[in-house]
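A short write-up of the structure that comes next.
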Amino acid sequence: MTSLPPREAAAERGTLMSVADTVIDVRDLGLVFETPDAPVEALKDINLQIRRGEFVTFIGPSGCGKTTLMRIIADLEQPTSGTVTVNGVSPHEARLQRAYGYIFQAAALYPWRNIQKNVELPHEIMGVSKAERAEKARRYLDLVGLKGFEKKFPFQLSGGMQQRASIARALSFDPDLLLMDEPFGALDEITRDRMNEELLRIWHETKKTVIFVTHSIDEAVLLSTRIVIMSARPGRIVEVIDSDLPAERNLETRESPVAQQLAHRIRLGLKAGHSYDEVR
Amino acid sequence: MTSLPPREAAAERGTLMSVADTVIDVRDLGLVFETPDAPVEALKDINLQIRRGEFVTFIGPSGCGKTTLMRIIADLEQPTSGTVTVNGVSPHEARLQRAYGYIFQAAALYPWRNIQKNVELPHEIMGVSKAERAEKARRYLDLVGLKGFEKKFPFQLSGGMQQRASIARALSFDPDLLLMDEPFGALDEITRDRMNEELLRIWHETKKTVIFVTHSIDEAVLLSTRIVIMSARPGRIVEVIDSDLPAERNLETRESPVAQQLAHRIRLGLKAGHSYDEVR
Amino acid sequence: MKQGPAGWMVNKLLPVATVVAIIVLLWYVLAVALNWAQVSERLAKESDNPPVSAIVAGTWEMERPVLPAPHQIAAEFSKTVFETRVTAKRSLVYHAGVTASATLLGFALGAVLGIVLAIGIVHLKVLDRSLMPWIIASQTVPILAIAPMIIVVLGNVGLTGLVPKSIISMYLCFFPVAIGMVKGLRSPDPMQLDLMRSYNASAAQILWKLRLPASVPFLFASLKVAVAISLTGAIVGELPTGASAGLGARLLSGSYYGQTVQIWSALFMAAFLGMVLVYSIGGIERLTLGARGQAAGAR
Amino acid sequence: ADQLTLQLKWVTQAQFAGYYVAKDKGFYDEVGLDVTIKAGGPDINPSQVIAGGGADVVVDWMPSALATREKGVPLVNIAQVFQKSGMMLTCRKDSGVATPADFPGQTLGVWFGGNEYPFLNWMNKLGYKTDGTEGGVNVLKQGFNVDPLLQKQAACISTMTYNEYWQVIEAGVSPDELITFKYEDEGVATLEDGLYTLEKNLADPAMVEKLAKFLKASMKGWEYAVANQDEAVAIVLENDETGAQTEGHQKTMMQEIAKLVGENPKGTGWLDDAAADRTVETLMSGGSDPVITKKPDGAWSHAVMEKAGAL
Amino acid sequence: MSDWMATALLVAVTLATWGVMAWLVRLDGKGLGRWLVPALFGAGLLLGWEIVCRGYGIPAVLLPAPSQIWDAFWRSLPVLMADFQQTFLKAVIAGFVLGNLLGFVTALIVDRVPFLQRGLLPLGNMVSAVPIIGVAPIMVMWFGFGWESKTAVIVFMIFFPMLVNALAGLAATDAMSRDLMRSYAAGYWQTLLKLRLPAALPFIFNALKINSTLALIGAIVAEFFGSPISGMGFRISVEVARMNVDVVWATIAVAALAGSLSYGLIALLERHLTSWHASFRATR
């Protein structure tokens, strides 16, 4: 069970890596939710290092702690044990530096703002000029296929459209670190493919670090440089798989034997770690 | 573009069909949303008949009107043109007869009820005795893998767990007609497979009629007797594909050449009807 | 929602007119019941067996009825509203104007104070812990008891007329605003807050862009209550200075001289004023909510 | 002109005609004073206003002024406008009250707020308990108006000869249905409307001078009002900001007020020491709960009145 | 004590209180600690008050110092207790229960019958604006001098806040939750009981809290317009005129205590019944 990406993979993408390049460093992390009845051990003994420019995917059964882990990294939840650093500083400081963009599992649009204004929100907060943020919002809404819906309110959009608006919101302010919690779960296959292509392109061009949660093995294979397989109760990492796929990818890459084999490995890992049967 | 299922397929499943067996009859349906700026033509010229015991899947790009169509059938939205009957009566009367169970695209759990109580809700409404509904809730929570979470409140559950609770809620009161709007979108592959198996089993045993929305072509292939492919702006039906798969299915059925071919056809249909490019 | 004038008649006017008609009818009956004793006694002195019809008619024509009949109130109302110069001291419009200005000033002050306090409480734990119980306690101080003291003290420092009344209004009406706003400012769901945290939005930004918009429904429910209370406050403020202008003074002197009809017409004026105020808030609410497209729910 | 503020005990009405007349007819201007008249109301306590510095002179009743004095606000009577008390108890004959002996078991409306002392004293003299126990009288705190009598919620209510009594009459009750007990007649009368100022003002010659001017002009106003009642009523109505007073009622009031102001050989507003002593006596014999516990010293002074006479 | 000394002392007390409070809050006490901060705030307030009264020589008939109020409290305890019984235990409790019930039931009816919503609500708004001091004499006229008229005034006063809030609450469900109920063909009462009432609870508690203080004020003020010779409003109006301002403040203190305690009770109940509401979780 290795948790550092092999140098080769990184070198292949033409990035020079050093210790300073460690963006996320999670050590012996644990989190127990205290609830009125029994405490829930959401995460246990999590160790993980993520380097600049990596695309790491968390995959695992529903309720295994993917969201929780991501929230800890984003300083939205406090671990009960262990340490986390983001860019060498605490998640708290990293958040204050606006180090990341977060796409939530639900769209989390503000009902009183129309779609355009929802996408402009982070820019407003970060003090971007009116003209510029309007331009950016338009561009990214276009990117996610919501042109023409700028003036609509969230309740006037379908589920998938809401989710796309929230993706546009996070991408548009161009953070170095992207935390994406099942961003494409509500999209149809074709739209999803487009979004995957766009994400690959953006990641490749901008060398962002991406942490990604998905339930789709295909998606994990297509996008990731590393896949973290988790299991539930307590949530822990059962396997970390490095992808042998080249940095240059497209939708066809999924069909390649290497990809197929990778998908198989993930499926096995998931099966092994799946606690569903234990629970029933 | 045919919209009646071939007698053969029905016969194969051993069901005798007649006109009286038409559960859903949609004719020349259209719906235009009036919004302060421009009106949105969500559905146009929809014609569709669904017979008892069918498993019909709607698939199509995000925003094409799948949810809207389902909501009309459920009498949660009023069409602006055309007619719909459910079990020979208007959707309104059908709703009053509690003809269907609806699983929403989002979990729609009540925040003030714990999970057990949320699942018991329809039973309370339908006047099921305390002991019986508690028993049913427990059984179905177990079925969706939420044993041990009965006393938790919705905010203490992960996204996928919430969705599963809402599935348990709809299945538990055993309606003849199931309307399921992307029920498994937030689930991991393995859990999803289990849920698919369960759904197949329930459908087969109880001869329910199911209308199902999904973005997963594999899922559509595995489950459906008929697949309705829709396209957006305006939302209309572009193709209706009858499944040649046998009634007896399991997860492996997906790998069969017939299934593969079916998936390919769906993919083609989706591509043809996909309006994404037009929009950009 | 657009509707023609006919639609307006059916949807707005007809229901109100019906309910009003029923109330007026009941009112006449009640007037008979409440005034019966006095009228029958008076008539009994004149003739041995006064006819019922005479008593009933008498209950609607009393000079100092227990409950005046609607037409008596209407007559007094029209006399003091329409047949009097609005600047004259006998004009109800003049008195309503005096009270309305104190109400509005007090309401504005109170709303601002309530909102500021709520913002403070939501943001500063010290205030949340320390202030809240005392804000509540402040409202259990019977204002009428300290209203004269306030008026006296403010009078000493040269503040007379509008300001002392407004301060009493403010004292009463900041409370519902503060309570409602604390709830409203805390109503955004955790994910919406987390989104802001992920942007490292400042407290001010969270306030402006999330908490305040989310609190709007609470705010308006509170404002409607507050404006009604503010009117009460202004009128209470007019009580101790019973001889000055305003609806409160009108009520007091009416009450003092047993001029029931005058009391009731002042009450109606106050009620009418209150209705106008509450409806103005409602109108503003519909405009804001409409602009946010929140009239309908989420899918 | 010198500024001076007068706080009245009640709303603008003929009870205070003298001051409004003095202001309107320019009597205050003549002596070089700019007088502000502050109307009172049910919850304005003039003594509190003057203690807080909100007025230079107040119109108050002696019982409450003396009680206040014991509480540490050194009020001094500088003039006594009303020579007689106008308070009485007005009862309905049909309630069965004919003499004070019929009071036990009956409900009596009483004004509190400093005006209850003479009543309590009276009951004490009659030996009736007022705490609601058996054999005593039932006391109600009467509000602003005469409703309790009209509604038969009380057998008797407190009235002033110049005001509430006539309201009962105006409400359609004929005088022969009523029986009245004047406090003057029952020997429990206390002095009512007088002018009070703070003791420290009397130590300041300039202030005494100003007050003397004020008294002179005010008494001139009173004499004018008594002599020209219709004009005085018109002036009062003119000054009534509520626009609620009626001419008829105010004319009756003015007539009755004139009787209370009465004739004093030493001039309008001269305090009769004997009457003051009687008031003190009445207040000190208040049974278990006397209003004042010791004889007040220097609670009234003729100095200003004398000075006014010399002007 | 001279003016500037008093001022200096005042500033010192203010700063010290704030400092200690801020420190205590950082400690984030649970249980007893939670009450320490408001208690300290109150203590600071009282100390400041005492300093102002003594330092600036405020006459006791205008504003007595807390120490004097304390004395008056113990001196007149039996009287205060009788007043409390008359006003709070009789009028306030009855009025609070009745008024809230009436407001709530009216909200249900108005919500149910659209015709009434359009016909009665405008008039309800109107009635709400009728000032209590106009109503109080009328209620005394109709219901007599006893506690019943005070109860009537309270009912009148708190009816509207409950109506408005309950209506807002009943409308506060989101569309999907309502659709769920529709999909079960749930009847009116079922939707009410299982969806709309729980969703309305935060609003209803809002009204209950506001009303708990309004009820007390209403009763006290109504007593100004006629009462038997006991009751907190009676005491206040009488003792103001008798210049026993310390007794007035002692009565006010009793009122404040009773009001705060009832408010606290309601808040406790709210926390218990609506613990699921975001406002109780979002403080992280």
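Residue numbering begins at 1 within each chain, and the chains themselves are lettered A, B, C, D and E in the order written.
Here, a contact is a pair of C-beta atoms (placed from the backbone, for glycine too) under 8 Å apart; a residue touches a chain by one contact, two chains touch by 3 or more.
In UniProt terms the chains read A, B = NitT/TauT family transport system ATP-binding protein; C, E = NitT/TauT family transport system permease protein.
Because the structure is predicted, anything quoted here is derived from the model rather than measured.
Chemist: Quick one: how many steps at least from subunit A to subunit E, stepping chain to touching chain?
Modeler: The least step count works out to 2.
Chemist: Sort out for me whether D-E or B-E is joined by the greater number of C-beta contact pairs.
Modeler: Higher contact count goes to D-E.
Chemist: Average the CA atoms of each chain to get its centre, and name the chain whose centre is farthest from that of subunit A.
Modeler: Max centre-to-centre separation from subunit A belongs to D.
Chemist: To test your reading of the model: what rotation angle superimposes subunit A on subunit B by C-alpha positions, in degrees to the nearest 5?
Modeler: Answer in degrees: 180, to the nearest 5.
Chemist: How many Å are there between the centre of subunit A and the centre of subunit C, using C-alpha atoms for each centre?
Modeler: From the centre of subunit A to the centre of subunit C is 54 Å.
Chemist: Roughly how far is subunit A from subunit B, centre to centre by C-alpha average, rounded to an integer in Å?
Modeler: 29
Chemist: Suppose each chain is reduced to the average of its Cα coordinates; what separation in Å results between subunit B and subunit D?
Modeler: Inter-chain centre distance comes to 86 Å.
Chemist: Return the residues of subunit C touching two or more other chains; collapse runs of consecutive numbers into ranges.
Modeler: Only 66, 144, 148-149, 152-153, 190, 239, 252, 255, 293, 296-299 qualify.
Chemist: Hunt down the residues of subunit D that sit against at least two other chains at once, touch-wise.
Modeler: Residues 42-43, 45, 48, 52, 143-145, 147, 151.
Chemist: What are the residue numbers in subunit B that touch two or more other chains?
Modeler: 36, 67, 105-106, 155
Chemist: Okay, in this complex, where on subunit A does subunit B touch?
Modeler: Touch residues, subunit A against subunit B: 33, 35-37, 40, 59-63, 66-68, 105-106, 142, 145, 147-148, 151-152, 156-161, 164, 182, 185-192, 194, 215-217, 267, 270-271, 274, 276, 279-280.
Chemist: Which of the residues in subunit C end up touching subunit A in this complex?
Modeler: 191-192, 194-202, 205, 209-210, 213-214, 216, 292-294, 296-299
Chemist: Which residues of subunit D touch subunit E once you look at their complex with the stated criterion?
Modeler: Its residues touching subunit E are 42-43, 45, 47-48, 51-52, 64, 67-68, 71-73, 112-116, 130-132, 139-145, 147-148, 151, 153.
Chemist: Tell me, which parts of subunit D touch subunit C in their complex?
Modeler: Those in contact with subunit C are residues 8, 10-12, 38-45, 48-49, 52-54, 143-147, 150-152, 167, 170-172, 240-246, 249.
Chemist: Over in the complex, which subunit E residues touch subunit C? Could you list them?
Modeler: Per the touch definition, subunit E meets subunit C at residues 18, 21-22, 25, 34, 37-38, 40-42, 45, 62-63, 115-116, 118-120, 122-123, 125-135, 137-138, 141-142, 160-161, 164-165, 168, 172-176, 178, 202-203, 206, 209-210, 213-214, 216-217, 220-221, 224-225, 232-233, 236-237, 240, 248, 252, 255-260, 263-264, 277-279, 281-284.
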